[in-house]
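Letters are used for the chains, namely A, B, C and D, taken in the order the chains are written, and counting of residues starts over at 1 for each.
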Amino acid sequence: MNLGVVTSGGDSPGMNAAVRAVVRQGVALDARMIGFRQGFQGIIDVDLRELDAQSVSGILDRGGTWLGSGRCPQFTSEQGVRKAIDTLHSLEIEGLVVIGGDGSLKGAHALNRQGLRAVVVPATIDNDIYGTEATIGYDTCLNTILDAVSRIRDTASAHDRLFVLEVMGRDSGELALNSALAGGAEVVAIPETGPPWDVVREMIEHGHQRGKLHILIIVAEGSLSADEMAQYVSRNFPGREVRRSVLGHIQRGGRPSARDCIIASRMGARAVTALVQGGSDVMVGLQGEELVLVSLAEAISRKKEIDLSLLDLVANLAR
Amino acid sequence: MNLGVVTSGGDSPGMNAAVRAVVRQGVALDARMIGFRQGFQGIIDVDLRELDAQSVSGILDRGGTWLGSGRCPQFTSEQGVRKAIDTLHSLEIEGLVVIGGDGSLKGAHALNRQGLRAVVVPATIDNDIYGTEATIGYDTCLNTILDAVSRIRDTASAHDRLFVLEVMGRDSGELALNSALAGGAEVVAIPETGPPWDVVREMIEHGHQRGKLHILIIVAEGSLSADEMAQYVSRNFPGREVRRSVLGHIQRGGRPSARDCIIASRMGARAVTALVQGGSDVMVGLQGEELVLVSLAEAISRKKEIDLSLLDLVANLAR
Amino acid sequence: MNLGVVTSGGDSPGMNAAVRAVVRQGVALDARMIGFRQGFQGIIDVDLRELDAQSVSGILDRGGTWLGSGRCPQFTSEQGVRKAIDTLHSLEIEGLVVIGGDGSLKGAHALNRQGLRAVVVPATIDNDIYGTEATIGYDTCLNTILDAVSRIRDTASAHDRLFVLEVMGRDSGELALNSALAGGAEVVAIPETGPPWDVVREMIEHGHQRGKLHILIIVAEGSLSADEMAQYVSRNFPGREVRRSVLGHIQRGGRPSARDCIIASRMGARAVTALVQGGSDVMVGLQGEELVLVSLAEAISRKKEIDLSLLDLVANLAR
Amino acid sequence: MNLGVVTSGGDSPGMNAAVRAVVRQGVALDARMIGFRQGFQGIIDVDLRELDAQSVSGILDRGGTWLGSGRCPQFTSEQGVRKAIDTLHSLEIEGLVVIGGDGSLKGAHALNRQGLRAVVVPATIDNDIYGTEATIGYDTCLNTILDAVSRIRDTASAHDRLFVLEVMGRDSGELALNSALAGGAEVVAIPETGPPWDVVREMIEHGHQRGKLHILIIVAEGSLSADEMAQYVSRNFPGREVRRSVLGHIQRGGRPSARDCIIASRMGARAVTALVQGGSDVMVGLQGEELVLVSLAEAISRKKEIDLSLLDLVANLAR
């Protein structure tokens, strides 16, 4: 049985651990494993490499993705998908593991609808996929942000400063909200709600009363930019010194955390087992401690909800 | 309303984050908060301190426990528990949050049976408490072990060596099994099963065939010691160079991981809310993404099961 | 003998280790130690605290500065300095240890000229002080940048991208140059030379030939901004995808590295010993493995030279 | 011109950075570069690989040594050295860079005496080589120890415990002494002096007085073992709870620190330049900020002195 594996879309830490698990579990189940380079584009371009157990040695703890990745505009057209299917058929590949985020789900679903069995392993730092409590890379990214928060708090408290830290999250506040909770930020702004002007105001005024002068505000990029938040503060509290920091691309990299290595290893192996057992058109999801198979149609069409009660918790713990 | 908080038993990273959440959530709910020092002993000895929001500033990311902790042999007798109850009553403390592991559950349960409402926040690196998927400190400890595994692998692969790494886990293989999965160890020995002599043998013989000469064996202290494992290898494979490392106490310390900070903050706050709402004799547990309240009687009497299928996964991924 | 200690200017990791060493060495030499808060401003405002050995417990590995810091515009006028001298005299303080960078040297020198003995411990992430091979905080900052470089390289190599990373260094290329060397950057831009347009051009063109598609360019903020560099690349290589990252304030924070803890401890103790022995108007410098005393006049008036031959080394090693 | 490179003896973090620098500087100077595997044994066994610039991509930040290493007993005999010389001559290799510690110096010196030009890059975590202020790997190892110290202090202070931490250093107290200084240990035992019984005694008795109950004692393995120190304490202070930790092999691994990457890059390149310029029988040393060439005969015959005044500093700062 020939199986393919591809990483697609933005990279996230733990993708390599997932690739390793896919390949070695495949080998354990007597499959022949083919890796495609640079995302779906590598399927269209027939840019591939046969992978045995040894070829994935030493990649478990590496950030990024060893197979390469990228967006593939061609793949949004039926023609592009068809071309990929042709390649996969000509290589006698019976199933494909797609490791990635939102775009990967859609691409894999398109392949399935045209008759190629594909199973998704959810990997994105955003943790915004319906049907799974965790995506590969999210935990590492949270720790990266927490490390930055800790550094910024050092210098903020030395100078009694107000800091605005912008983190990733175009449509989802998961990273911002949970890093605010983990790092003890005073305020957090997320795309799911309006800008928290009241909380900002209260924290600054309240902080003066209780002698807590340094304040950390975390904003998700999809909510408002660090610049916008800084301008608001400067305009309303003219004397207040404000510093901004945009965390940027360092959030995508780094050695994967233990949790990301574990779920990547478990999910990668589960995806291969699902394909070998005839599965198709599903994503591997984590629910509690169990892995489940979620239909791609459902995972694509529904939006993961964020726990907004955590906003109150952040405020309560910041006093 | 007066509420107490205490950390008990072995310390674990994130205990301070839990104490901070307990205190600040208590303050948010208009409770007066009292911290006891050095575990249950501090209740018996009336070694306490009133805690306001500011007193827990700067402890969120500190390892260990700021309140101090310790085993308290007196507390296993009814007399000891009675003495603690007397103290708590005389201080007009209506409820107590106990942060700790197995012994804390038993101590809190004893207090409840004698009429003092106590709620437990599970904190132990072992993750061996029934009714919660995660305990505070477990995730940090896994990352600490993973860091050690990564360092050992560096030097092991430089010299084609066989390494035996002993990690914590007297009765539970959770840490050993999951760190083996995260770190790509070739063999793991856990208390829940017999020593994996066959796997060791196969890995060493198999490794020679496929040119993989360095091998990492992780043993949980409750399974067999690094010495015992090393002796087995030396006896059966006389030419094989073996090195041992006992990770020891560094597993308990360190800055808490993002996940530990988050669950500590959520669980600590939830415990206080439960007390304020009249709750008693329960532990806060994590199930999926939800916090639940688990009866202490159940949490004490039942044993958390470990997922033994992960043993096969470790073997499959080690090839 | 009464001695004072103050941290001044921008904070840097290891300042607390220096404060601890100053206080404890002072206590060991039977001095009474006074700490001033928020930099020179704290002297003018008589914002102080007596410090014994125990008061500096637990600060050794904390980033930032526990005493607080800040710029003090008043201190650039003779009147401000005179006011500080008056405070110090009225407190019967015979000598002052000033921990900080460029501004601290000038402030301390001003105090000395007006008769108050002051000794400087050089602490700044920039490592731009004449007379010492290392300043406190520089080594930690280099490691922080290296960590960011490593994360960015993960994602850059996954996508064959060109990254521009802007690091601190208004007047000095020390951080940029040495982090480029440590992190294997392909190009580095420093204030000491013109923009390296030729090298950029060659790396991009040369990279295509040898199949090395991801390129990392580090720019010191004092040379040109990440934006300017990115614009140059986009203008000259229109097809090339460019990403920018401004590392910002996280460079100032973090747990001090071993080397920073060591030099902070040694320098802090040496400064106190110098004061007790009657020294004045000097800075403690590191030359090789030895601590030396450098006259403040010399340290202020001369510019530390950077080793420009390292530019060639970066280029040679980037091929 | 053909040049060889080999890593020899115990591995240390940064060896790969040195290999990368050797190869790329060699390529930059138009040399053909040959890497030997598994230390001097690889020369004798003609186990080699031609290395171009691309072959050392991605190794800069990897711990261990990619070329492999090992002790080579054969190399202590003249016959072994002759055999290596024959191999090198038959491959028309004109010069060899040897990266390693004490044994590497002796091996390289033997080669030079028999007519093969060899230059050493000092790499060992022990920092015990005469003629250089730093060896590659020492700084990383210090940081690894400091991280362990920080974790142990967390749990020690939670329980008011006395901890004994055993670190590497068979003949040299450099690691123990400097990590004690960096980590604020109360006592340190090094091979250069007798066991510090008086200091231990005083710290324990003095600690009780001033309320500092947790004590950290660092012992170099060449001084006395953690067991021996723990027994001394238990025998003389029967009530005192003592814990031991032997740090072991994790001290050799890990991602190299910024400083180690920098000196490895500089030293590696310098060694190649020395060979190309006709140099022989020297080691590259770091003195202050300069690289110097030190005769191997001198580096081998003289012992690096340790700064014993740091013992007093550790004691002064521990109060």
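We adopt the following convention: a contact is a pair of C-beta atoms (placed from the backbone, for glycine too) under 8 Å apart; a residue touches a chain by one contact, two chains touch by 3 or more.
Computed from a predicted structure; not experimentally measured.
Novice: Please give the intersection of the contact partners of subunit B with those of subunit D.
Specialist: Touches both subunit B and subunit D: nothing.
Novice: Based on mean C-alpha positions, I'd like to know which chain lies farthest from subunit B.
Specialist: It is C whose centre lies farthest from that of subunit B.
Novice: Do the two copies subunit C and subunit D share over half of their interface residue numbers, or under half; same or different?
Specialist: same
Novice: Take the average of all CA coordinates in subunit C, do the same for subunit D, and state the distance between these two points in whole angstrom.
Specialist: Those two chain centres are 27 Å apart.
Novice: Please work out the Cα centroid separation of subunit A and subunit C, and write it as a whole number of Å.
Specialist: 35
Novice: For subunit A and subunit D, what's the span in angstrom between their mean Cα positions?
Specialist: Whole-Å distance between the two chain centres: 39.
Novice: Using the touch definition from the top, which residues of subunit C touch two or more other chains?
Specialist: Only 150 qualify.
Novice: Which chains touch which?
Specialist: Contact pairs between chains: A-B, A-C, B-D, C-D.
Novice: Which part of subunit C faces subunit D closely enough to touch in the complex?
Specialist: It comes out as residues 20-21, 24-25, 27-28, 53-54, 57, 60-61, 133, 139, 142-143, 145-146, 150, 178-179, 181-184, 210-212, 255, 257-259, 261-262, 265-266, 269, 287-289, 307, 310, 313, 316-319.
Novice: Which of the residues in subunit C come into contact with subunit A in the complex?
Specialist: 7, 11, 13, 62-65, 68-70, 144, 148, 150-160, 163, 243-254
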